[in-house]
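Shared between the two complexes below is chain A, which has chain B as its partner in the first and chain C in the second.
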Partner chain A sequence: MRPIQTTIAMIALAAAVALIHPGLIGPAMAQTGAIRIPVLVPLTGPLALEGTSQRNGAVMALTDAPVGVRIEYEVLDTGAAPETAVNALERVLARGGVSVIVAPIFGAQMLAMLPIAAERKVPLITISGTAQLTEMGNPYVFRFFPNDSVAKTAHALYVVEALGKKRPAVLFQTTAYGQSGRQHLAANFARLGATVVFEEGLDINLKDFLPALIKAKQANADALVLQLHAAPTALLLRQAASMGLGIPIVAGSAMHQPTTAALLQPAERKGVCAESASSPVSSIDPAVERWVAAYRREFGAEPDDFALTQYDAVRMAIDAAVQGARGPEEMRAALASGNFTGLAMTYKSDGMGNMAHDAIIMCYDDQGRPRIDRRYPRLG
Partner chain B sequence: MPTAWRKNAARAAAGLNPLYAAGTVFLVVYALVFADSYDQRILAIAGIYALLVIGYQLVFGHAGAISLAQAAFFGLGAYVTALLATRLGLPFLVTFPASLAAAAALAALVALPVLRLESHYFALATLAIGQAALAAAVNWESLTGGGGGLGGVPPVSLFGFAITRGVWLLALIWGLVAVGGAVAWLLIRGPRGLAIRAAREAPMAAGAVGIDAGRMRFTLFVLGAAYGGGAGALHAHLLGVVSPEVLRLPVMVSCLAMTIIGGRTRVAGAIIGALLLVHLPEWFRFAERFGPLVYGLALLATIIAAPDGLTGAAARLRQFLWPGAPPPPPEIPPRAGSLSHAPASTELKVSDLSKRFGGVAAVRDVSFTLRGGEILGLIGPNGSGKTTILNLITGIERPDGGRIVLNGEDIAGWNPHRIARRGIGRAFQTPMLVESMTALDNVALANQTALNARAYYPGRRLADARAEAASFLDRLEIGSSAMHRRVAELPHGARRRVEIARALAAHPRILVLDEPAAGLDENEREALRSTLRDLAAQGMALIVIEHDFHFLSGLASRLICLDAGQVIAQGTADAVRRNRLVVAAFFGPTPGEDGAP
Partner chain C sequence: MSAIQLTANGLALGASYALVALGFVLIVNATGAVNFAQGDLAVAGGFLTVALAGVVNLPGVVLLPIAMVAMAGFGVAFAYLAYFPLRHQPPATVFISTIAFGIVLENGANGLFGAAPRLGPPLLPGGPVELSGLILPRQSLAIVAVTCVLIAGLQFVLMHTQFGRRLRATAQDAEMARAVGIPVGAMIAWTFALAIGLAGAAGMLLSNQFFIAPGDGTNLMLKAYIAVTIGGWGRIWGAVAGALIVAFFETILAVLLSQSAAEMFLYLAVLVVLGLRPRGLLGETIGRRA
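Coming up: the complex of A and B.
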């Protein structure tokens, strides 16, 4: 082989080595003595809005760490598939030194990550609402968001007891989140003596909700209950407003997000209610107000409950680390037994990793502004 | 080691791109020495996608069908494995073949209606299959777990040994990729590879030499699906969870992108495409939400830099680094013996043949008999039904009525490939050749079917088929250098002769030629006439359509003249030429005759 050809071949091989080893590209990690908390959240795909809130909340907590505590973190996008999330998890685990991991809001991704977390004995802190996550006996998952058995109890209670409706229609997303919520709603409505007169599963990519709305109306529903993700919630509410649905709408937690509300005109969100764990932008707690102001400064966006609860979750982990829980097993023990008063609520594990037990119902007033209408503490 | 095996191995090694060999060595060393658990996991996933893409290459690359159902077969395999492993506790040795079989069975089921569709209709139909599978996975909650899917799928366990991660997992997955790649390579090499290519690029030409393009598409579609099912099974065991995401469009898009970027027809392309596209998002994870943008730009750059895939680029690089000599020409046997061995006992009996296209009667009650050694000329003005009769005899059109009996067997309505295998060869009005192939390979692909009429793969080596093809081409005055040129580059006359050589290479009893002399110069016409006479003298029966009456009158033993789909005259050239109806058909009625001005 001629020298020029040999050189080209050698360069190609060297480039291949450099490229195929992802560790050679990207930030260098794992300095000695630092607490390492990777943030694995969906920044792209259908749950990008929620995942971005997660990211922002986690990053705020990580950069707010007390003086003297050195935190290392990296943010990895988990996209829309379980495989991508597991790859991200394997990636951060392979580099070692992980204390705890901020895990995605996407239930299907969490289900794929749980066995690995258990195998590698690393705790995951998440705000995913999928009930199944904490029903599998996995001691390495901690959920800082009311699970469906809490949130959907509040959701159904509000419809039946606060609004006095007995014939709700339920529209849910055909995702883990939507189907899990629908099961809990059905059970709660049955328990409360209400009859679901119409229900339909809607694909996450669906853009036209008019047929489902017409069918709900034709079924003589007296309230519309939604268990949809953010973008579909906004689209549906816009179509409901334009057709003049004329019955109360109580949405899922997606509707509490300012990013969702921003997709709608005030008239389109007027009177719409939503369940959530908290509503930071409606809060009159000075500590929350300060946090909201800081969030706005940092990210130029309105914070939602996902950001706030994820912030609380990371703060609880950092708090545990400050008290000496540096390794993953110590962290797991601290999270499992600790009690942490965050900005949104007080968190304590129920023994299965459910840390959040409060829920609220917030509603948009005549000007389309959010306000907290009901609080449902200690439901779980 | 047997000599034949040694020769085959040596030939295969000589054809291997040294870049691939170096890449393989590099990957093995990397996986064993440098890769941590995460790197090994990514390599494992790349292996799974390589298997998926090898299967997809069979459909997209080799069958030429834009299927959008490969993700559905992948997902089906994953769900079958998840259900069998979690509900019935069955091991990998059951789940893997079951997933393969389930995907292949679904493909076979849907192939019957779907494979009849062409191009974008086929793509849409296969997309619908994927969407139906997705809808079932999402909504059949009691079976599939709905949007959350099925969790708790155990890792692969073989003989009591759980393979969860590391080198053993890589060995298992890449071992299966090697087996899958070898099977695909064996399937598409040699004469069968030529047949597959002909069926993809020129299905009518393929049918004319006995290649069953429909069966080939079916086989490749089902096999491709089986690869998808197997990949899905591995994915389920590796991930531990199966959710509807495995059935969503991004999986299909990734599969398609891997195939295009790696290369559509080479196994190495599937592997390179999978390795690259699985690693790319990992390389750009640090870019957070801009990762997909960077990923997209990288893909775009690759497509621009290597439009025929990275295997195409690798082939060019190899040529640059290690320029090799062109392949030696096949040895041409001495010109001896006959071009045809057709038995003189051949008899084709056409009775009351009819064909309508809407309100137009293209052929009406046409009858004639043709025997071995005869040359029958078909003449008539444009639109008189000549080509339609040939299309009916060769199966391209189905008759509305009448019989076509070849040696006592009614072949009316048979498929073209079946008729070709019974011994009717065809050359078309406009030569139908596989344009991207050399003249030699165009003829070689016909040779095999004639030797083994029951299957398109005769088991002969390509070199033998080419040597025999060279003999036919040589007899038709196609020189050695022209043989090795793509037929798209050949002049019209040479293309006609290549097509006739291809028809002869199928060793037909009857040869039908549609305007074979059109576009030829005087010398070429004379050579062609001489060749056709020789063929008839050797026992072959010929039907020749020709507008050049002079060419035909000196060649055909009998002429049939058609007008408006009907036989208006038949007999010797002289008798037909003098027939008033024939003259009227070509030149209009003679003045003073009935109805003439």
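Coming up: the complex of A and C.
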């Protein structure tokens, strides 16, 4: 066989082997200098709204990478079930060459993915609030959203210290997110000397919140504290306004989302407060304002905190890659030891993978416009 | 105020479930197959009215018949895509086809409208109604009233018109209906049109009172299925009674117990009904279904 034919045959053989064995594609890609960051987020199902924000934030960061850095990414829908997320994770890992993975906001999916990430030694960057994720000693998870021990501390502090309420009612979702928030709220209220006079877990598909609101009122609660996802938060606030609940409502982070607020009339959101990590649409920071304008241009939608913190998370990973972190182990080490000043806040691991330690409380004014009412820095 | 509002909300929710459940019953009677896309078709109706409200400035009560007619037309297309090509296959083939169609609809809505819940137009503009000192939620009352009109209209068409007799003849015995000259295929297509028109109405009614999101179809379908299982397959009033029972569990029983307990008791009730009256509380007129 002549040399040219031998070369062609070798290339063809290598290509065939690479196609048959996806695990070999990764090193080949790594040699080209590309950083592979798959985005696995829920784009359908009950958390599609939050997942879409997460996707948008990640994609903005990936397409906004510094000159000279070649990024490869793909977006996979993790749907509504943990097994769908696990399948998506297995698929991207099978192709190899992954530096870091943007992982779903859905706590139940994250819990299912964590053992695989640890086994395959690939870091996951997420904005899931479920506290348990970083309490399991898994060194491959990095959370860029205040976890419940931060967010729920701010939530409870605002109710008890800023509003002076001592008899809150807590309504939470029966998902991992809701249960985790409820647990931290209960602990914080107990620590602050407040008594939770009524609490109830609500299914994510529930449409009628009036029974729970009536019971909260009957329990003589002086504030209503919510740990609900976006659509249930809006529905509950609407029904609370309609029945004339008459007590302050401090919602979870879902209420800071412009899409949630858009479902309500200004009168229905007037006076409602919510905890969050930041509120990009209320920010007066010029860098955040520029980012908000770019987001609107790109997606034709209002950005929320999920999009902003996920953007920051991916930018930190890209920054680590620029500093020389290439493979997953180098990326994990960089995320674990570095610190990064993003648009929403400064991120640094607490040793367990919690990167975000600031929280805010935002409230809707008489015209139903959001404003930041209080900041709680370095809580965790 | 709370008790009245609770009852009105419960009735409005039950009324919307009833429209979805009625569509279920019509199709299962006519074809022997369960349409698992019925919830997603209701969601499609909700998004259609959201889109219409963004284009034309008309009150919801005017948009409702427009949406129903459009969804009825879509129902015929649905029949020719998801049912007719597979009707001679085992029943499982048809219900898998409807599940697949439902997933296509959900993802289509997600792609076209985004994942965020949307607020549909109100049936009637304005706030609560005051009647003899009682403050009543206007939208809930309007939903109940419109549902009553639609159910009464459906009952009239099925029981007192030649068209309705043909539909019922097709549902009871398609071979015999064909033998006496009834165009069975056309009657089945009309049944899909009616059922999906009703689903469209349910979607519109839900979209203002409870918002509408692409992923809502599965839950709606489940509620309709439970309503029909409790109330009785094959009967209009069974579906309506079943839907009201589901809403009773979700509202009244949720106040007395908790939402989780109410849901648990709802499914226990389904098991009891299946054990004691497998044909549902109001019986059924057909035998086999998917």
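Methods note: the second predicted complex is superposed on the first by the 348 of 380 C-alpha atoms of A that agree within 3 Å, B and C clash if a C-alpha of one lies under 4 Å from a C-alpha of the other, contacts with A are read in each partner's own complex, and residues count from 1 in each chain.
In this text, a residue touches a chain if its C-beta (ideal position, glycine included) is under 8 Å from a C-beta of that chain, and two chains touch if they have at least 3 such contacts.
Note that this is a predicted model, so its numbers are computed, not measured.
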Which superposed partner A:112 touches (first chain B, second chain C, both, neither): first
First, second, both or neither for A:80, with chain B first and chain C second: both
Chain B versus chain C as contact partner of A:235, first or second or both or neither: second
Superposition-derived comparison: chain B or chain C, residues of chain A touched: B
Chain B versus chain C as contact partner of A:211, first or second or both or neither: second
Chain B versus chain C as contact partner of A:167, first or second or both or neither: neither
Which of chain B and chain C A:201 touches, first, second, both or neither: both
Which of chain B and chain C A:44 touches, first, second, both or neither: both
Partner chain(s) touched by A:244 [first = chain B, second = chain C, both, neither]: second
Which superposed partner A:270 touches (first chain B, second chain C, both, neither): neither
Common interface positions of chain A, toward chain B and toward chain C: 43-44, 48, 52, 80, 174, 201, 203
Sites on chain A touched by chain C in the complex: 43-46, 48-49, 51-52, 80, 174, 200-203, 205-208, 210-212, 214-215, 217, 230-231, 234-235, 239, 242-244, 259, 262-263, 301
For the chain C and chain A complex, residues of the former touching the latter: 1-2, 5-6, 9-10, 13, 106-107, 110, 114-119, 128, 137, 206, 210-211, 213-216, 219, 250-252, 254-255, 258-260, 262-263
Complex interface listing, chain A residues touching chain B: 1, 5, 8-9, 13, 16-17, 19-23, 25-27, 43-44, 48, 52, 74-77, 79-84, 86-88, 90-91, 93-95, 107-108, 111-112, 114-116, 119, 130, 132, 136, 173-180, 201, 203
List of chain B residues in touch with chain A within their complex: 22-23, 26, 30, 34-39, 41-42, 45, 138-139, 141, 146-149, 151-152, 164, 235, 239-241, 243, 245, 248, 250, 275, 279, 281-283, 285-286, 288-289, 291-292, 320-322
